[in-house]
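Below is one structure; the comments refer to it alone.
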Amino acid sequence: MDKKKILIQLDSDAQPSAFDRVVAIDAGADELFSYGHVLLDQIRGLVHGAIFTRKPSNLKSTAIFIGGSDVALGEKMLAEATKSLLPFLKVSVMLDSNGANTTAAAAVRVAGKHLPLKDAKALVLGGTGPVGQRVARLLALEGAGVCVGSRQVARAELVCREIAKRSPSAKLTPVATATADDVAAALAGQSIVVAAGAAGVVLLSKATRLAAKDLKIVIDLNAVPPLGIDGIDVMDKAAAKDGIIAYGAIGVGDLKMKLHRAAIAKLFERNDQILDAEEIYALSASL
Amino acid sequence: MDKKKILIQLDSDAQPSAFDRVVAIDAGADELFSYGHVLLDQIRGLVHGAIFTRKPSNLKSTAIFIGGSDVALGEKMLAEATKSLLPFLKVSVMLDSNGANTTAAAAVRVAGKHLPLKDAKALVLGGTGPVGQRVARLLALEGAGVCVGSRQVARAELVCREIAKRSPSAKLTPVATATADDVAAALAGQSIVVAAGAAGVVLLSKATRLAAKDLKIVIDLNAVPPLGIDGIDVMDKAAAKDGIIAYGAIGVGDLKMKLHRAAIAKLFERNDQILDAEEIYALSASL
Amino acid sequence: MDKKKILIQLDSDAQPSAFDRVVAIDAGADELFSYGHVLLDQIRGLVHGAIFTRKPSNLKSTAIFIGGSDVALGEKMLAEATKSLLPFLKVSVMLDSNGANTTAAAAVRVAGKHLPLKDAKALVLGGTGPVGQRVARLLALEGAGVCVGSRQVARAELVCREIAKRSPSAKLTPVATATADDVAAALAGQSIVVAAGAAGVVLLSKATRLAAKDLKIVIDLNAVPPLGIDGIDVMDKAAAKDGIIAYGAIGVGDLKMKLHRAAIAKLFERNDQILDAEEIYALSASL
């Protein structure tokens, strides 16, 4: 008889995310071990509990999900979990702290439905945040030329260098987006804009957007009004807006949710997968 | 295929109640997400995790149970949870901190099996505590004249005013029960006495009870001896005692447990219910 | 319909053991209520939640597992849990903090597969630690003469006295094992050596071991190299080593895991069992 599919949720927040728990159950996990307030030095013991309890042939039925609102901490948790696996005793691990991986993957996938991403020109506003970085990584992976926007260009440069370490052929340009003029200049020639900034900050005014003649698609990943792109609605889903195609956070959310469930289900196919942004993005091609 | 029935248990105590967990499973919840040490400011995020993960048509399969030993805090948690629901995205919510709602509902229901509650005269000893207040609310709802007893009559007055806000037609009288003479005076004309005081405090002596000529039924909700009503046994269940009908906490407990399970099961019938004392009491009519 | 089998895991560590959780599921528990950071004064309430929620005839489907890395604390938790049961309302309880009971039981059982334990002579190195004490208890129970080794002989004396309280007929001798000469002297005439010391401490050198002419079986329960017995491998399972039979921790681990699962399954057969070292050892006879 097949072993029950056990998902071990390691969440850095005080209470393990109810959102991630519901999705895990709906994605087919039979048992969910939810841990909150997980500290880095607790991960090794928890991972060893996962790998030392079933025969290697059954380890595909045990998997780990890393979540919590702090994405940078989630990345450290993923590194620690990966380090705690043994060459012949592994379980698959997925990172989706704050939904950053599934959100970024869904955003880039919807963009690619409307125009070829290879050699497209894209601007990521809020490009140094956890979701923005991932959007830039995935667009670059598809061969787009990506401008990473930040109010502080030094931060954008840092992010570009980090992404270039992963993919040396990535076409990345750090751009300042501190003022409306900065943003207007950065928009020149761009066909895609993704806004991934903090809640409540309008990053792109309607006037600036209307003046951008090459723009074909805008995606705003902020779910709480005011959105980052003026005139976009959180519910927009391939909506025609002033001659461009627009998506709001909820418009992208449908694919994001499907992707989240599909990634959880995929964890249980093999015991040697690490599902980070790129792997989750690859998975979205089949949805 | 129907979605799994997920119950999200929000408990204010350090460890989420094992009692409530067993009952939830026996009541048919497929998955139980148990949270302990839940703070008010964590509730919004947990409720949003509940409402943002399934299609509206599936939200009847997600529900929230609020528990913990602090009933006043539970009421605040219920208010916070209710406030976090959205007009078109709701899940049903039940409050039963410290078992107060199911206990009070069961106590009033057993009283009503023996005599009509409409226009009955009832005294609630320990009437300002969380269970006592609910017993008074439910008796008043049925049309009984209710004397709310407290050692400090000012506290009883406050409770009467609070109940009157909910049901302006309620017939409520605050009474002092600081001394044996107070209690004897308060008992005059009462056909029902419910004792809902703190553990270990005898609220009604046998002599005073025997002198109360109109008394037909006494219910003591304290499970730990000495009980609040002298001469009643915790196991009494419609027991004949000196010409009156007596119930102890365990005697009421059977209906309380059935009601707890039935209320959990009811949560999963629709996604727009708030099950507080009155709704749980209404449910007890069919058991 | 049969009630779901609920296992209540009370773990003294900050996060309840993932190891114990996977084993519980694989052993057939339908529902697992995992509590971490369990304090002694929380146990009564949790046990009452277990015993007050189902009819006595259904209580065999609720059970308690006590775990965590601190075995001495686990023993206190077991005592507290046992004290919280009522004469007519019980659930079965198992103690396996740090895997000490299942490890010790498996070690003694594998020794007994190779030679009769009655009147055998055995030395337990690290005999005052939680696993070592249990190995000594179980060997003594089988009628072996047991030398309890410790660097401080006073501690070994204390352990011998404690075991003698449980089984007055036990043949126990405290021995000093502070130096290589001590160990060589303690080994004289022993046919069994079990090493149950702290990780990273070599308790028995190869030269001393080879000089011990009566030695027939060595078992090392340390899973992290360097092992307690020089020349033994963690994977050894009835391996022939210099004319003796050798077991490493993983070599014993297979039986230990089977035993852990069997003990969990046994909890649900009746509601009045306390599974500590002796009961778990008895169970291993049938595996």
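We call the chains A, B and C, going by the order they appear; numbering starts again at 1 in every chain.
Here is the rule we use: a residue touches a chain if its C-beta (ideal position, glycine included) is under 8 Å from a C-beta of that chain, and two chains touch if they have at least 3 such contacts.
These figures come from a predicted structure and were not determined experimentally.
For this assembly, give the contact graph shape among line, ring, star, complete and other.
complete
Suppose you list every residue number at the chain B-chain C interface; are over half of them used by both chains (same) or under half (different)?
Shared-number fraction below one half, so different.
List the centre-to-centre spacing of chain B and chain C in whole Å, with centres computed as mean CA coordinates.
Chain B and chain C have C-alpha centres separated by 46 Å.
Pull out every residue in chain B that's touching 2 or more other chains.
Not one residue in chain B touches at least two other chains.
What residues on chain A touch chain C, complex-wise?
Within the complex, chain A touches chain C at residues 3-4, 6, 8, 31, 33, 35, 38-39, 42, 45-50, 52-54, 62.
Given the complex with chain B, which residues does chain A contribute to the contact?
The touching residues are 14-15, 17-23, 25-26, 32, 34, 257.
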